[in-house]
Amino acid sequence: MTGQEPMMRVDGLEAGYGEVTVLWGVDMEIERGAVTAILGPNGAGKTTLMRCISGLSRPKKGRITFDGADVTTLSPHHRVKLGIVLVPEGRRLFPDMTVHENLLMGAHSSAEARAKMYENLEMVYNLFPVLKARRRQLAGTMSGGEQQMLAIARGLMARPKLLLLDEPSAGLAPKIVLQIFDLVKLLNKEYGITIALTEQHVENALRMADAAYVMENGRVTLSGSGKELLSNPKVKESYLGL
Amino acid sequence: MLTLIGFEALAIAIPFMGSSSATSLFMSVLEYMVLAYSINLLTGFTGYVDFGHVVFFGIGAYATAVMVQSFHALGVNPYVFSIAGGLMASLFALILGAPILKIRGAYFAIATLGVSEAVSVIISNTPALGGSYGMPLAAYVKYDLTSAYLSMWILLLAAMAVTLYVANSKFGYGLRAIREDEDAAEVMGVNTRLYKVAAYVLSAFFAGVAGGIFGIVTAYIDTGGYFSVSKTVEMLVAMMLGGYGTLLGPLIGGFVLSLLEYTTVVYIANLHLLVFGVILILLVLFLPEGIVGVLRRRTRLVG
Amino acid sequence: MVWEILAQILLNGFFTGSIYGLMALGLMLIWGVLRIINIAHGALVILGAYAAFWLFRLYGLNPFYSLPLVLLIGFLLGLSIHYSLVKPILKAPELSSLLVFFGLSLVIVNLMLIYWTANVRGLPILYPSYNVGSVTVIGDRLLASVTAIVTTALLMVFLQFTHLGRSIRATVQDDEAASLMGVNVNRIYAITMGIGVLLASLGGALIALTTPFTPYTSDIYALYAFAVVVIGGLGNPLGTLLGGIIIGEAENFTVAYYSPGMAPAVAFILLVLVLALRPRGLLSRRR
Amino acid sequence: MATGIILEAKDVVKRFGGLEALRGVSVEVGREEILGLVGPNGSGKTVFFNVVTGVYKPEGGRIIFKGRDITGLPPHAIARMGIGRTFQVPKPFSAMSVRDNVMIGALFGKHGAKNPYEAAKVVDEVLELTGLAGKADLQAGLLNVPEKRRLEMARALASRPELLLLDEVLAGLTPTEIDEALGMIRSFRKELGLAVIMVEHVMRAVMNISDRIVVFNAGRKIAEGSPSEVANDQAVIEAYLGAPITGGGRE
Amino acid sequence: MAWQYYVNNVTNGIMVNGTRYYVQLVYYDDQSSNTQVTALYERLITQDKVDFLFTPYSSGLGFTAATVAASHGKLIVATGVASDTIWKQGYTNVIGTITPASKYLVSTIDLLKTYDPTAKNIAIVYSDDIFSAMCAAGAKNYSLQNGFNVVYYGKYPSTATDLSSVLTSVKATNPDAIIGGGHFADGVLLIKQAKQLNVNAKLFSILVATDEPAFYQSLGSDANYIMGPSQWEPDVNYPVSYGPSNQWFVSTYMKMFNNETPTYHSAEGFAAGLYLQAAIEKAQSLDTAKVRAAFNTLSLNTFFGPLQIDPATGIQVAHQMVIIQWQNGVKRTVWPPSAAVANPLYPKPPW
């Protein structure tokens, strides 16, 4: 935003599963301190991009740099230590563990997170009182909204510098979706966490985002600030194919 | 193919050239081949790993022994009774098949192991089948290596013919579809349950007849010898070594493995199973497709 | 008299069963976490029995004193098995791991035969029996049983309350999510193999204490361990212990009230029945 | 073009534990019709396919195919009555050749051939139609994505279906490949006279090819009509773009 | 192997019609598998062209070996094969060296009858395999014939790792004697758990296991008082009219094999060779039929004890089991009186 080096840079990323290529040369920059929205219809490659950034998938080509360092080949547990934390699509909690245990899993991701474990727990429980009330409940038995809260809280326990949220509002009731959006704003503004998220609620996401990318068929087709894209009719087209 | 026919002609001629030592050696070569074909019909084509396949060998032997004891007075060649052994094994597979073939993957392997152990224990507690004493047959049958050898040849040719038929028939296509992806096969119209049971019944038959023939040759049957887990493993390794789900894999694998076993038993006694274990590990790590797979890949690269 | 025999048989079944349970714990752990069925488990158990036996025979060490050394050897052996055999086949089809471990089992058993012969080994009675009324409590078996229960409890505590234990559980539930939480999944697999073989050695040490053995005994323990895990289910050590006790009791009652010869069939019939009722495996509950 | 109804799903309900994946949906497909089935992730499209093909048994409702109630029949029986399908994630029999894959379709579908020799003609025809003839002897696992998608279709077509269910056959294809695939699907209808249901996310394509579109959201049918009707339906736009949620907020 | 040494170096071959024949042993590892046994015996007969055969060490495999030998008209001298049934199959070519299974436990019952006329109740527990089952059946018959009550008669699996409930049932019958067993591991287990469960009897006689030094090593002093039948013992003292003395055999064997004391299996092997040697010398021929005929009338007193077969079947009829007992850590022959070096300690005190 201010011309400084972006926190994360993705150059010419090609990736897929087996012989299936899903991303065809994606370039992207995630600015420090900003909220970046990654939009696009299902199957556009957003989740694959998130997996590559977090290290779950290995790209076939291209480079990913974080804070100036090349992280392309690092495994996920190394990236977590650097501060790249993904809250994956579908939440991916540990269903047979309690809420508290799920949070503890996040707390041991790095030496720093471990040192500040109790501080973090307090922060997270303040942020999500419902989790505190249910700390002994098995994660798998909670409602979708609560599970999403827990997934984000678990990610926060790892003290992220860059928090990646993959479809955080998928399958949730409108009221909960609003809460999630408020939360994203709060984490960004009050706690200064850089956030990149993929979303299906296009309008809300664009209103909130500092920058946005629209993907289609594994390529970035549009990019710009949230406001610019909000008024761009091509966004609607890319969804409905008109 | 020509060399193969030459080899077969040579092998068939062996009992008529008077060396019963060579005949008996080839008996065990044939045993390996037939058993590899037998387990190949199930495991090779459908991917269901049968860790208790020896149960059919054992049941075939026991059923044959009962037939021999009951009907030896008829004066027919006793090896004919081994067919009854095969049918009994098939019947058992038919009854067992429906419930056990619902079990998938490694659980199927463990369940079949459990079945073969349980059957073995039950037989050794059944006085009518000799119980702990086993069933000696020497009083009823003459030792007749030539008949045994010819029977094994007929059985091997039958197993090869059936495998050849299966490999090129609708049935075989269905089985291979099950191996690749059972759910997709079902959705594409393969009656997976029927097909699996049919393969099980068919493969049981060959193991059963082989058990019957060997029961007569060895003239004594007990659960220790005829239900041993290591026999199942020999079948699996022979099949794997040759290349599973192929037409010639069991032939090659059975041949190589039985000669290997014979050589180790005769020349490096006591080390034979150790050598087997090492081969098994190396095979999986470095040659998972077996000899036929490697040959096929070679030819593809060349062609 | 009838009641006293009944009590004695219940107790016999409990002791035997808890040893079965302990012996199967390592198999359950490796099965549950790595999704690998370690057919060589029985051979590893007997290897542990030999370790305890030789330390007693050569240095006069009571198996409980030599335990730390036996466990350490087991753990290191597990790690080396992981890096040499398991890692290359983690993503391979099930048949591969079944066959590799069968090969390993043949290698271990035959090496034991070559170096230590087929002679029966066993420790003399180290702890006396007690009489409670007319029921006899076998000292060695009581201690073994207590060890089994304590070990099961310790394993549960470890899995429940330590970060390493939680990481193992997390890896089972979702290995990708675990790696996103900073868990090095490969290391978890290696450690699990280590603990699994360590538990096998512990089972072996108790077998040395209670039962004579030879290298050939491996197969029997492998089969029993399968049956225990299938009946007790994956994922919970307590289930495994209970699975063992169920088999122990069923067997001992078969011996006393039906036919001793049929006893081994009981475990296998239970095994097949459980699988036939839950054909998609033990974790079919989820999805 | 719709000369009568070939498939009729009435009030289909499917639950997984507490989760209701289909909450009573009714869908009709005409003969030789191409029906687009769209909706966000998790709206129940693939579950619907699985219920129609017999993979799942529905808790409620009926599936009528060519006037016969096929609810609860095993998948292989339904396949043999003339319903073919592809899978969202291609499930080729990877170790087998392309020809053998198609062969399985030809052997086990409607009027399944008795043996591979009899089926060979159908197989050749289908390989030709789907442009896979040149790759017939290749191992299916070695195909690239567009080819795998085509193989999925070829396998289904070889079973001579009257109704073809296509589950995201365009996913991961480039625009050129998508156009090729659409041409192919049109030619299936023209030459083989079959009806098609397409589950698809590539909206441009669905809008382009479908005679009619049905929209699912959260296990319910929320809209139905011509492509242009559906595209201007407020409920559909909300389901896709997410309604601009206002008001409410946190307590 | 000791026998080969004896013939070739001590008696300087076997003289047959003025020609000296030397012995060459050919042997293979049978892997305890029936199908291997067929191939290996065929190999011995037709490829290695041996003149005479010995059986493998197992009753089950013995059937197979005997069948192969019969088909080639070869004599096979049985050693390690004890099941009576092998002599009921109509073979005439199988020469028994050792006491058959049905008589294994008979001398134990004689001993009991002699030392304790008041003893009435016998419990028989045995392992589930052909040899042990046959021993147990013989013991049961003989006990009943001699007026004992068989209060428990049951088998356990040969792979058993726990016999506590079997022994609990045995204990409830309050027997005077517990006899049976099977092989090594289960024999040790039987005694160990009998002590642990405080199962008492005045006499324990256990097959096979008791003979091994490992029996004492595994049980320590709990092995004391335990008896067991044996085909032969290093300390037996039979009058010898043919072949080497017992002392020669034991010391030669120990010289050849690392100072290991021979077990009765080794003695059986040597005795079988010696028996064959005597028959060949008597027949003055290597011809199978002539040697077989020589066996019919051969009656020997060897270091192994008396040897004589039933001419019709070939089963051994003269040789008898001795009974050993562990006394203060030493294995002593206590029965029959003709071979005994010590008196049995009877009754066994409670544990």
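By letter and in written order, the chains are A, B, C, D and E; residue numbering begins at 1 in each of them.
Quick note on the criterion: a residue touches a chain if its C-beta (ideal position, glycine included) is under 8 Å from a C-beta of that chain, and two chains touch if they have at least 3 such contacts.
Since this is a predicted model, take the numbers as computed values, not measurements.
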Topological distance between subunit A and subunit E, in contact steps = 2
Inquiry  = On the document's contact criterion, could you list the chains that touch subunit A and likewise touch subunit B?
reply    = C, D
Request  = Would you mind telling me which chain pair, B-C or B-D, is linked by more contacting C-beta pairs?
outcome  = B-C
Request  = Mind checking the centre-to-centre distance between subunit B and subunit D? Centres are C-alpha means, answer in whole Å.
outcome  = 43
Query = Roughly how far is subunit C from subunit E, going centre to centre by Cα mean, in whole Å?
reply = 37
Key: subunit A and subunit D: spacing of chain centres that average the CA atoms, whole Å   = 32
Inquiry  = Quick check on subunit A: which residues sit in contact with 2+ other chains?
reply    = none
Ask   = What residues in subunit C touch two or more of the other chains?
value = 259, 261, 264
Key: Contacts with two or more other chains, residues of subunit E listed in rising order   = 128, 155, 157
Request  = Spell out all pairs of chains that touch, sorted by label.
outcome  = A-C, A-D, B-C, B-D, B-E, C-E
Inquiry  = Which stretch or stretches of subunit B touch subunit E in the complex?
reply    = 19-25, 27-28, 31, 121, 124-125, 131-134, 136, 138-139, 142-145, 214, 217-220, 222, 224-226, 228, 262, 265-266, 269-270, 272-273
Task = Provide the residue numbers of subunit A that touch subunit C in the complex, in ascending order.
result = 54-56, 75-77, 80-81, 85-86, 88, 92-97, 101, 104-106, 108-110, 113, 154, 158
Note = Residue set of subunit E touching subunit C in the complex reads 128, 154-157, 159-162, 164-166, 168-169, 172, 184-185, 188-189, 192-193, 195-198, 209, 212, 214, 218-222
Subunit B contact footprint on subunit C (complex, rising order) = 37, 85, 88-89, 92, 94-96, 98-100, 102-107, 109-111, 113-114, 219, 223, 226-227, 230, 259, 261-262, 264-265, 268-269, 271-272, 275-276, 279-282
Task = Spell out the part of subunit A that touches subunit D in their complex, as residue ranges.
result = 16, 19-22, 24, 41-43, 169-171, 174-175, 177-179, 182, 199-205, 217-218, 236, 239-242
